[in-house]
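The two complexes that follow have chain A in common; it is paired with chain B in the first and with chain C in the second.
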Partner chain A sequence: MSHFTLYTYVLSASCYKVRLMAALLGVPYDSVAVNFYPGFEHRSEAMLALNPWGTLPILRAGDLVLTETQAMLGWLATNHDPTGRWYPAADPALGPQVLQWLGLAARLTGSAGLARLHAILDWPVDGEAVRKAALKDLQELELLLTDRVLAGQTWLVGDHPTIADIACFPHAALSPDAGLEHDGFPAIRNWLYAVRSLPGFVTMPGIHELHELREREPADPQ
Partner chain B sequence: MSLHYASNDWYPVADAACLARGPRKTRLLGTDLEVLGPFDHPVVTDMGGRCFPVQVRYNHLWTTIGDDPRPLFDIPEADEPGRRHVPCGVVRVKCSPLRAVENFLDIAHFPFVHTGILGAEPHTEVAAYKAEIREDVDEVWATNISFYQPQAAKSAAGGITTRYEYRVPAPTAAVLYKTCPPRPEAMDVIAIFVQPRSETDCDVWPWMALYDDTTNFADLAQFQQEIFLQDRSILENQRPVKLPLDPKLEIPTRADMTSIAYRRWLKRRGAYYGALTDQT
Partner chain C sequence: MPSMPVGLSRDLPPKRVMRASVGGQDIVVWRASNGDIAAWDNRCPHRGMALSHGFVRGNALACLYHGWHYEQSGRCSYIPAHPDLDPPATIHTTRFGVTERDGVIWVDTTDTAKPGMLTEPLDPLRSLIAEVSEAAVEAACHSTPFEGEMPQPSGSGLYALGTIRLALLTNPLGPNRTQVTVLTSPGLSLQTRLALSRWCETLRRNAEATGTGGA
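This part shows the complex of A and B:
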């Protein structure tokens, strides 16, 4: 049974966050492809009636309409993760840390996300400026992740992946699309690898499956 | 590099969707251009105000900056009734325009790069096929190709063995004919038209002419964009950046017969723009 409808565009890293979260939680949904490019359908009258801000993705569940990607991740985890580990909102230590990381996720959307759109689709922004901003945000992510590694941790918050990891993952993973390679970011590289190895992981163009892991799948004991 | 040879071909520089948003500043063979709409009465100029010839074909606006242009190649299927034309917009790739075409001609990478769509392990074998330079039309053709595909097209209901034919009518364009899932007797047409910005940087315009009246435009365009973007990161990481035409520089295998014919064809016509040759 489908739990929500996602208005989505295949090359959008923000739409992919929601697809990835739903896949990791095993939540079925319906997709509506929106011709973001080349059609700019997200700015059509019909789409603006649904989301006056003219952005994608849009999540609709009954009367609920969400237009903020990070809110969608929170909604998915709150409603579809009985363990509460993906979004430990009520935990006085972990909850605020998750929200803190969502701030970096939003900044990455405005820097690395725009740099990528500029590089791929010639988006009308100052390419050099957004690339510089993206580099700064990636350096911040690298430093924060290095602290986590020194603390013996894999994930951004606590000892289990959270919506913070999923919110930050796509734009960091896709930065080579804008010529920002991962060579200088060893902590980011290891963390990207950890996210890609999660059970139920799905791909998007530019983010490949881990072939090497698939070959290691344990044989059926029967 | 042979700018003179390349300058006498026609290249896409805009589609209707991009001109609807305003003039397009772009680059062709190292020359900065401005493309002004409307799409049916366009003007293409360089920064000095020189006007270049234009023609509208295959849902794109084409121009040439040469003094003695060869005619734009014909795709007869474009005029067949019942086909839906799907211009998929433009994607910028930092690679040689020739590498973009060659990648489009390659089947062997499908299971690894387009996993679950155009190929799947363990169905990785490329069966023997025919690749040739057709002297009468002076084009590269690859025929008698078949390959197992889990999701050959948006209109495919499941895995099928797809038949393919490839045609290279110009150094920076490639046309693919493949089994049309809803009409097995017909072939869908999928093409890429490459706009060389420089020898190492291009804009790629994918275009399709399909028998599919049911899938909505967004799904069709996104299907093609998804596949092309899966290739993009690989194209940007190919070294050397320019396409080697000397067979000693990159060792081909049997699966690369189309590529071998393409490189040979480029070499003999002197289409060296974007190529690594003895001369460069």
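This part shows the complex of A and C:
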């Protein structure tokens, strides 16, 4: 049974966040493909009637319409994670940290996300300026993830992956699309690997599955 | 070209692959399931694909493009399109010297890797890249205080920050790009290590502000 409808575009890192979170939680949904580029269908009258902000993704569940990606992650975890671990909202220590990271995820969208759109779709922004902002944001992410490594931790918050990891993952993973390689970011590299290792992980163009997880020795061809 | 520090052992667990660079040479460094490490020219002998995009299967590195497997010796051990073929010994990667000491991975593109000699036991802190010359990083290290103490150089990349000992290892990646590996006295508290990690950021900012990269 489908729990919601997602208006989505295949190359969008923000749309992918929602697809990934739904897959990790095993939540079935219906997809409506929107021609973001080159059609700019998300700014058509029909789409603006649904989402006046003219952005993607859009999540519709009954009468509820969400247009902010991080809110969609919160909605998914609140409604479809009985363990409460993906969004420990009521935990006085962890809850605010998750919210902090959701804000930083939005910053990444405005830097690394724009740098990528400029690189792959020739988006009309100052490419050098957004690339520089993205590099700085990735350096801060690397610093904070290094804190976690030194503390013996894997995830951004607590000892279980949260919507904070999913919110920050796609733009960090896709930064090489904008020429921002991960060579100088070992903590980011290992955290990306941990996210990609999660059961139920799904891919998007530019983020492939971990082939090594499907162990098959040469002596044992399929 | 002497041996160069390309990263921390901690940052390359078993079954993992990373990209490195020494003297302009693009390198893949990977660790097999059994913990053994190897460093090769970052090109698959088959079609030239970057092997750093590859993945580890058992104790072999597989190229992401056509799945050719290379064992630690660099020899091709399996070609998926010809599963019954025993690949000829002439198909092999270009190997470089690699060794690990003090939690640091050292690579030498010309000879057997010899680790830089640290005269005392140190713990790895972190590895980062600054968009400035090696000289600018070293100059900034002399003028970036940690908790009010200016680092006092004591030879061969070693510094004293108050009671803390610190080693700054550099690997020039280009005229304005330097990989920096930082080690510290062992047994420091987590709080001190987090503060030193931030000192590394300040060091990079200072270097980039004063070095040619920030001009």
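Here is the rule we go by: the second predicted complex is superposed on the first by the 215 of 222 C-alpha atoms of A that agree within 3 Å, B and C clash if a C-alpha of one lies under 4 Å from a C-alpha of the other, contacts with A are read in each partner's own complex, and residues count from 1 in each chain.
In the analysis below, contacts are C-beta pairs under 8 Å (C-beta built on N, C-alpha and C of every residue); 3 or more make two chains touch, one makes a residue touch a chain.
As the structure is a prediction and not an experimental result, all values here were calculated from the model.
Novice: Quick check on the superposition: with chain A as the shared anchor, is it clash or fit for chain B versus chain C?
Specialist: Here chain B and chain C can both sit on chain A without a clash.
Novice: Just chain B (first), just chain C (second), both, or neither: which does A:Leu121 touch?
Specialist: In the superposition, A:Leu121 contacts chain B only.
Novice: Now for A:Pro92: first (chain B), second (chain C), both, or neither, which partner does it touch?
Specialist: Once the two structures are laid over each other on A, A:Pro92 reaches no partner at all.
Novice: Taking the superposition on A as described, I'd like to know which of chain B and chain C A:Pro199 touches: first, second, both or neither.
Specialist: neither
Novice: Touch test for A:Val34: chain B only (first), chain C only (second), both, or neither?
Specialist: It touches chain B, and chain C stays clear.
Novice: State whether A:Pro82 touches chain B only (first), chain C only (second), both chains, or neither.
Specialist: Once the two structures are laid over each other on A, A:Pro82 reaches no partner at all.
Novice: Return first, second, both or neither, reflecting whether A:Pro52 touches chain B, chain C, both chains, or no partner chain.
Specialist: Neither partner.
Novice: To make sure I follow: the centres are taken over C-alpha atoms, the vertex is chain A, the ends are chain B and chain C. What is that angle to the nearest 10 degrees?
Specialist: 80
Novice: Touch test for A:Gly62: chain B only (first), chain C only (second), both, or neither?
Specialist: A:Gly62 contacts neither chain B nor chain C.
Novice: For A:Tyr9 in the superposed arrangement: first (chain B), second (chain C), both or neither?
Specialist: Only chain B; A:Tyr9 stays clear of chain C.
Novice: When the two complexes are placed on top of each other via chain A, what is the minimal CA separation of chain B and chain C in Å?
Specialist: Distance of closest C-alpha approach: 5 Å.
Novice: In the superposed arrangement, what residues of chain A touch both chain B and chain C?
Specialist: Overlap of chain B and chain C footprints on chain A: residues 208, 211.
Novice: Could you please specify the touching residues of chain A with respect to chain C in the complex?
Specialist: So the residues of chain A touching chain C come out as 139, 142-143, 146-147, 149-151, 181, 183-184, 186-187, 189-190, 193, 208, 210-212, 215-218, 221.
Novice: Flag every residue of chain B that touches chain A in the complex, lowest number first.
Specialist: It is residues 15, 17-18, 21, 87-92, 94, 112-113, 115, 203, 216-219, 221-223, 225-230, 232-233, 236 of chain B that touch chain A.
Novice: What residues on chain A touch chain B, complex-wise?
Specialist: The touching residues are 9-11, 33-35, 37-41, 119-122, 176-177, 179, 203, 205-206, 208-209, 211.
Novice: Could you list, by residue number, the parts of chain C that touch chain A in their complex?
Specialist: So the residues of chain C in touch with chain A come to 7-8, 10-11, 13, 15-16, 18-21, 55-58, 60, 62, 64, 69, 77-78, 80, 83, 126-129, 179, 190, 193-194, 197-198, 201, 204.
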